[in-house]
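For reference, the structure discussed in these notes is given below.
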Amino acid sequence: MTNAQVTLVQLDNYGPWTVTPEPRREADLQTLQSRLYADLSQFLGTRDGYAFFTRFDNMIAVTNGIDRADHRRLQESLRNRYPVTVSLGIGSGANPTDALVDATAHLQAAGSAQDAERREVLAGDPIAEAERADDDVRIAHFDVNDATGKYTDELDAFSTFVRIEQGYAALMRTLHDEHDGLAFFVGGDNVIALVPDLARDTYADVIERVRDDADMSLKVGVGAGRTATDAGMAAKHALEVCREEGTTVEGV
Amino acid sequence: MTNAQVTLVQLDNYGPWTVTPEPRREADLQTLQSRLYADLSQFLGTRDGYAFFTRFDNMIAVTNGIDRADHRRLQESLRNRYPVTVSLGIGSGANPTDALVDATAHLQAAGSAQDAERREVLAGDPIAEAERADDDVRIAHFDVNDATGKYTDELDAFSTFVRIEQGYAALMRTLHDEHDGLAFFVGGDNVIALVPDLARDTYADVIERVRDDADMSLKVGVGAGRTATDAGMAAKHALEVCREEGTTVEGV
Amino acid sequence: MTNAQVTLVQLDNYGPWTVTPEPRREADLQTLQSRLYADLSQFLGTRDGYAFFTRFDNMIAVTNGIDRADHRRLQESLRNRYPVTVSLGIGSGANPTDALVDATAHLQAAGSAQDAERREVLAGDPIAEAERADDDVRIAHFDVNDATGKYTDELDAFSTFVRIEQGYAALMRTLHDEHDGLAFFVGGDNVIALVPDLARDTYADVIERVRDDADMSLKVGVGAGRTATDAGMAAKHALEVCREEGTTVEGV
Amino acid sequence: MTNAQVTLVQLDNYGPWTVTPEPRREADLQTLQSRLYADLSQFLGTRDGYAFFTRFDNMIAVTNGIDRADHRRLQESLRNRYPVTVSLGIGSGANPTDALVDATAHLQAAGSAQDAERREVLAGDPIAEAERADDDVRIAHFDVNDATGKYTDELDAFSTFVRIEQGYAALMRTLHDEHDGLAFFVGGDNVIALVPDLARDTYADVIERVRDDADMSLKVGVGAGRTATDAGMAAKHALEVCREEGTTVEGV
């Protein structure tokens, strides 16, 4: 069994804030959101976590090895520098989906995302140090075969984007509904997924499914580690092997 | 006819850079990408443009009123502060899709996105000042009815995200394939689309289609203006009317 | 006569905010201040202005060519993204000192910097477009002769810093008290001054004075222009001539 | 004896870079420098260190409790996101001045700050965990009595700045030359100093000296701790006591 620790980062009462007292300029909101995410990525990333932007007002992170004091410090740092605050739910479970269900439940139990009174909740518990293992986190890093040659340099930019999005949607659904994995688009033609321990054949099946559903050819590198960074760097190196060898699944 | 000016922002040879000499840490790449996007959004936004993060290595912006000198200054500012450079293609056309096809063609004509020699291209022409009109840009701002009550506070965070993504995918395809519009997810439960002049009934049909395809209820505010900010703020105010009145389409 | 337009940027009621409800962490305050300054520098700089960090809660900018609408947009952008707001006083006058006296007076007339009720003042008037001239702004860019060889590589880092600070203090006082110029340390061994039209001999005297008072050898490049960027780039190129030719004063 | 750990952060070959191939725009350099400093402050600050901007191309930090791996990670994060790199020298000693002399010597031994070949040096050793004590770091936080009432609201902004700078220069020299302390202006009317264990009377003398030399009235809160944050927060609380009680020296 894997033992991912997942943190749900939710901006408190953000939707209403964006239109109070009247709608705020979209460019400022986009700047605010993407910088707050960048800070989250840097804070967690330099502590060997991974943060995904997801919906920006709800972000999902892999936080094995990051304790409650760090989570609290993150909340304080954001509160001191932004006009908004964040609530954090920490979860774990038999697989990534269960871990996020757990993290979400902690925040939902504390109140609505649009409850003006619910601010800076910190709920749920990190995995105890004694229970951590060297393969707690598994990361699968997918990319599209020759995306630049087949799409970026050939189609108009939006058509390429539509293709990438459709491939991502098919991959996200398959991994989530059938394998309890959480897949995130991270830019370019890259998708990073937090996954349970899956067999080589399963990855081949998933890639086949995406080819059928979205007519897109993927390859994947898989890695395991004590933290998201350990697992993620192993996955990146495995993906480099795919590139060099022309293979489709490496690292598992 | 609408007269949108669209700029394609493409990071030069970015994919290879991310794995040279070996794969760079994902958290640093995410921080780099989202901050570069934030700077783009702020630079263009305070000049009344809109920038969308799209794939982060390929970003799409609405730039009516922003001239070549501004585009050049943007390239210089980024070059002076980031380890990567950007190429810019400027396009226009009878509808948003055509404008982006034009913008893309300018960059593709200059070389591949992964050509190490192709750097800081600036190609294509802004719309001449004399040809600009007060309704050049049309923006449709969609959101999900009661997303917090139905999804965020009820489902786990990834299931909500999957639902939002599916609704976005359906909306993006319908607008692009049938109406030559470009729709972008901008966080939360919001999608902003650059659209041609569409009838009220068309919006009702689009919303119906998304309900059928993705079982999601949307509403939309529409606005027109000389710039993206003008059109976008009008759309936001129209969407507020939807919220207050319980209506589905406003502003058109 | 010169015709500099100067803007005083004052954070509203900032001191009290930093200790409410109890003292905020210094690292967060430093991050907040320096990023807000960076945004100011980018917003004004890409409009051909210059911003100096000064005291961070009171910053001084040269804003020729930047109108009231731009100033208002700057206030809005900061308000939407930071937990603090800024007031702006715009001034002009026969020389830089007078211009800043004018800018300051506008804010002081509106209330105290620590008045909780005084927020987002925008006072004072930009120079009318018809009155602007191609030599409105004069910039003198100073640096220390062989600072790296004599100080950075020889003394410990704080002793070097003390030396640079003492040289800067002497230069700042001389330019301000005797020549109505405003000098700002901008990092490294560089000082940029907003100056009136001074003679070549005056610069030589100023440099001699700093040598006497602080035992430090400076050189200077001077430039004039319609905007701070025009004048500042001319000054930088003149300073490059000093470096190449081994001269002490260039550009005037 | 105190046991401060000091890190000198030096941008590699920065001066030449700013003028290659020709002078870069000052606004971009200012944005780059202040954001890099903000990242440094955030990285070290959330690990209980303090970073001071000093000359921006040479920054000084108090890093007790921050190990070599963290320093290495900081270098990597900056290299991945900026067009410049940093070298780091770590030092310790009987007092703050000695610690910085030690830190500086490590970098100078590795080459010149403007040596194009010297990049990303990491030299010197953190204090061993077993040798750390709960009062290793002493911080003195000074501010000016009624700076807003006496200066900001009364004088023009540059005259206020000149006064604050002169007070800071006097304080910096006295602490450095006579007491082996390192004082840094941190914005507003605040100076934070890394100090050895000084007596209450010594602080009273230092304040008297600044009054004589620069006609400025200061107060100071002093704190000790295992880290810069612990010491710095204690100093801030002591300064609040000064404010409430109308006293001049607290915390020692």
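Should a chain be cited, it is by its letter among A, B, C and D, assigned in written order, with residues numbered from 1 in that chain.
Basically, contacts are C-beta pairs under 8 Å (C-beta built on N, C-alpha and C of every residue); 3 or more make two chains touch, one makes a residue touch a chain.
These numbers come from a predicted model, not from an experiment.
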A student comparing B-C to B-D should find more C-beta pairs in contact for B-D
Pick same or different for copies chain A and chain C, depending on whether their interface residues overlap by over half. same
Starting from the Cα centroid of chain A, hunt down the chain whose centroid lies farthest away. C
How many angstrom between the C-alpha centroids of chain D and chain C? 22
State, to the nearest whole Å, the distance from the C-alpha centre of chain B to the C-alpha centre of chain D. 43
For chain B and chain C, what's the span in angstrom between their mean Cα positions? 37
Please set out, as single numbers or ranges, the residues of chain D touching at least two other chains. 25, 28-29, 31, 35, 42, 45-46, 77
Touch list for chain A against partner chain D, complex: 39, 42-43, 45-46, 73-74, 77
Would you mind writing out the residues of chain B in touch with chain D in their complex? 24-25, 28-29, 31-32, 35, 76-77, 80-83
Chain A-facing residues of chain B, complex: 8, 10, 14-15, 19, 22-23, 25-31, 33-35, 37-38, 41-42, 44-46, 49-51, 53-58, 60, 97, 100-101, 103-105, 108, 112-114, 148-149, 152-162, 164-166, 169, 172-173, 176, 182, 186-189, 192, 229, 232-233, 236-237, 239-240
